[in-house]
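In the two assemblies presented below, chain A is common to both, partnered first by chain B and then by chain C.
== the complex of A and B ==
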């Protein structure tokens, strides 16, 4: 057994991770995954150690709440066998390792660039000469969309190969938003700078990413967050979920030109984000969550205010949702559009809503709970069809569930912190991992420290990383005019992917 | 002559009323009724930008599109008062002069060489093709029942006497209203508000047009609506005195605009592959009118 079992938010000494050669690393990780649908790879990355690259693979088990960490040291000179051959879910991780360090994989299905980081191995590969898939045919035509889009969204290029109105293939080219966030985590030495960076990984998942960072950092420092801090993180995560899901419902209605739903859901998002403003001074919750302390304590008067807001929000949300979900013209657009099968979702390793829509139970709140989720005993909402309707319904039901959780949380509010706890420096030569269920799905942050206790490597995985492929698969054989609604029903992050 | 003036006036308000209705239905105040006109006036003062890949077809297309609709408008009568142009078979002229304009707007879109505009053009061509039989079966039936072949004569001799003629007129207004919505790329066929190129039909065809050209295309849309409204009005007006007829004309146009606004506010748009079926249904409604006419005339064996 060449791996170590740890729990979510646990810090271990780097030397405690058993190291093996690539052959046994390869066999062992595939053996861990094979036949175990409850296990999935949460992160697989490399970092430079001298002239070699150290690979770290983290596989989470959803039933035993454990994460299996294993490592191996490889050299750029030796080509490696690809795990993607056996398990497609490693595909993107291996592409990333190949792009960053130039490690040659002999039998990877398709070693395309991921995001063009500035410190990539092969600088001759640029975003302009991306190797698109193409088909020579008289009947088929290509449609390119983006990277600049008609709406105010982020940049990304979509290339369709269509037969008339029918999509045969979609290729998604990302990387336009690359800011070098992971490198910045190492370059910026102050904790506040790093916390601010974490908030800006993906603008719509501020709470998710800043909670993940805070947990990694506190775990490295062996700092136990107080009850009040845990409380405000859980609460903020659920509020963020409500706000974004409601906004997504509005956007889905806009895409099928259902004006009433678009207007009403759009308005309903406002009281929630305005509450975040009241609480932390920012509608997107920036600055709300910081490692080691709570800059904006959740006071009883805020609790009273939140209950008032939810009491108005919930009946209005129900009314609009009932109307939308009983309107035949809306349902005819949502149902059986953009289907991803359970097998495909499992193979490519989707997480979050993109997994739960196909009855694949992936929810960190239930599988690796932290903070107040330990008490909430979260039951993930699962749908079976994997179509747009499933994804939209999950949003509706999760909003209801989150409101319920918030009411439960508010009934048992902890006391406010009297004085801030002492903060130590991070453990040296350590490895730490944190999993957080953001509204989009599983967020994974990993940190490795050097002998002085400073960051040596920081690795971020946004749920969008795997899920973009699910979008590409979902639109196959659909009409090209249904692409926008498929895209919106996933609502993946460009910035979170490009980092 | 009278119809020309009245349609032009109605065109100023029609789109504004639709937009205002939709705004109110979604809980917003909305722009003034004349805002679309101000938008067009603003565009008329601007120059156009042409892409390097487009040729002369792209430049003349908006003008031909606009003039085709103006030409079609000249044939529309107002009750007993003739249109500017009136001759036997002018409804065929009406349909094909509109088709000519559409043809140019389609090849103008293709001329840009954009894959989006090509898609929009192919959709527009398909839907216009499907809508054509509905219009001709409808007008043919009306010609058959009245025994005349010009708009003015058909409408002035169309007497709404028995209940079956009322039924025919109501079905005919339904067909004309939906043809107007298809021709103007409104819901549930197309969504004029969408920002998503891949789902657009008409909007995507005019993505490259700007300034003066765009102003022409927008005003063409306004006129088209009022023109179809006038056709529907003609079905019912008979020989009512002008004073009342003018009032009824504007009331009907406002009613149609509000109706369209309400339809667009409370339903979602159809899936693209349902559109063709939906439009073909119009032809079958027209066939129903045709059989109704045969019944009235006693020619049904």
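== the complex of A and C ==
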């Protein structure tokens, strides 16, 4: 056994992670995963150690709540066998390792650039000359979309290969949003700067990413967040879920030209984000979650206000949802559109809603709970069909579930406590991991510290990192006119992927 | 059933904000800051800011760099406080720098607005949005500016799907190297006369990403900017009032 079992938000000495050679590292991680659908790879990354690259693989077990961490040291002069050849869920991780460090994989099925980071190994590869897959044929044509899209959304390039109106293949090229965040985590030395970076990873998942950063940092510093801080984080995560899911329902209605649903769900998001502003002064919760303290404690008067808002929100949401989900003109666009099978979702390692839509139970709130999720005993909402309708239904049901959780939380609200502000410095030569279920799915942050206790490496994984491939698979054999609704039903992050 | 639709519309009532120029925002919004003349440890105050937005001797706050985290106000409440004034947009970079004892609304410099902007775009403005490393928060608020509450399109201001249909571009995000070529292409494809609007702290100064080697902000050195809309993200009312002030309101 050349790995160590840890729990979510645990910090261990770097030297406690057993190191093996690549052959046994390879066999061991595949063995851990093979035949165990309850396990999945939450992070697999490398960082430079002298002229070598140290690989760290983190595999989570959803039943035992453990995370298996293992490591190995490789030299970029030696080519490696790829794990993706055996299990596709490693493909994106290996592409990233290849892109960052130039490690050659001899048998990787799709060794293409991931995001063109500015510190990539091969600077001759640029975003303008991405090697798109193409098929020589008289019958087929290609459609290129982006990087700038027709609406107010982030940039990315989609290349379709179509047979008439039907999509045969979609390739998604990302990287346009790359801001060098992981490197900035190392370069910026102030804690507030790093917390600000965390909340700017993806502006629609501010609470998710800033909670993950706060937890990693507090764990490294052996700081136990107070009850009130834990309460605020759980509450904010659920409010963020309600706000974005409601907005997504609006967008889905827009894409099937259902004007009333689009307008009403669109406006229903406002009372929730305005509540975030009443609480923390920012509609997207920027500045709300910080490591070590709560800048904006949740007070009893805010609790009273939130209940008032939810009491109005809930019947209006129900009324609109009941109407939307009874319209055949809407359902005919949602049902059996953009299907991903359970097998595919499992193989490519999808997380969050994109997994739960195919009956694949992936939800950190249940499998690796922290804070108040420990007492909420979360039951993930699962759907079976893997189509647009499943993804939309999950949103509707999760909004209802989150409202229920918030009511439960508010009933057992902890007293405001004295806020400890003093931090110890982080443990030196340590490794820490944090998993948080954002509204999109699993967010994973890993930190490694140097001998002085400062950050040596910081690794961020947004759920979109896995799920973009699920979108590409979902549109196969669909009409190209259904692409917008497929895309919107996933609503993946470009910024969170490109970092 | 038509009856269901009528019921929903009755329950929703009128949602739009009647006057977007005077509307109040709820809660504890962090808008235009106020800086007193109180004596504080200026070096300590300056070092609080994650984005070097605070200047000293005398103390000032640069809203083009500020991420509106409010940390300076929390630690030095006697020196800095944030008002709920959401009108932060202007067309001159130095008007975003707020100094001690400065309690004036932020306004545009109407003397430097190009003649054709008011003449041609005064009643209709179509914009192309480019996210260039934006984190989807300013993009989100630009979208919200078009929802049934803020309803920006009532003023003839809309976002269009092609630069060929646009009167200008709206940039969000710190402008990444990987977007540098695309942003130039989009600008070139927009017919003259055209405006450039920067929305959000990231676009105006790079924000927390300033200095990252993954950015290429040279586009902004080549062309003049017509409107800066600060915020992290910019509030929809900030966006709408900025665009209205630029294109129509008579304040000469």
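Things to note:
By our rule, the second predicted complex is superposed on the first by the 497 of 499 C-alpha atoms of A that agree within 3 Å, B and C clash if a C-alpha of one lies under 4 Å from a C-alpha of the other, contacts with A are read in each partner's own complex, and residues count from 1 in each chain.
Convention: a residue touches a chain if its C-beta (ideal position, glycine included) is under 8 Å from a C-beta of that chain, and two chains touch if they have at least 3 such contacts.
Keep in mind that what you see is a predicted model, and the values were worked out from it rather than measured.
In the superposition on chain A, A:267 makes contact with both chain B and chain C.
Contacts of A:178 after superposition: chain C is touched, whereas chain B is not reached.
After overlaying the two complexes on the shared chain, residue contacts for A:445 are found with neither chain B nor chain C.
In the superposed pair of complexes, A:483 makes contact with chain B only, with no contact to chain C. Of the two partner chains placed by the overlay, only chain B lies in contact with A:253; chain C stays clear of it. Once the two complexes are overlaid on the shared chain, A:144 sits against chain B while remaining clear of chain C. Measured by the number of chain A residues touched, the leading partner among chain B and chain C is C. Looking at the shared chain after the overlay, A:201 reaches chain C, while chain B stays out of its contact range. Within the superposed three-chain model, A:295 lies in touch with chain C and out of touch with chain B [touch as defined at top].
Within chain A, the residues touched by chain B in the first complex and by chain C in the second are 150-151, 260, 263-264, 267.
On chain B, the positions that touch chain A within their shared complex are 22, 25-28, 115-116, 118-119, 187-188, 191, 193-199, 264-274. Looking at the complex, you find that chain C touches chain A at residues 4-5, 7-9, 11-12, 15, 25-30, 48, 50-51, 67-71, 74, 82, 128-144, 147-149, 159, 161-162, 173-174, 176-179, 181-182, 186, 202, 207-209, 212-215, 232-233, 235. Every residue of chain A that touches chain C in the complex is listed here, in rising order: 116-119, 127-128, 147-148, 150-155, 175-181, 183-184, 188, 190, 192-193, 195-197, 200-204, 206, 260, 263-264, 266-267, 270, 274-275, 277-284, 286-287, 295, 316, 319-320, 323, 493-495, 498.
Residues of chain A that touch chain B in their complex: 141-145, 150-151, 165, 253, 255-260, 262-264, 267, 327, 329-330, 332-333, 337, 479-484.
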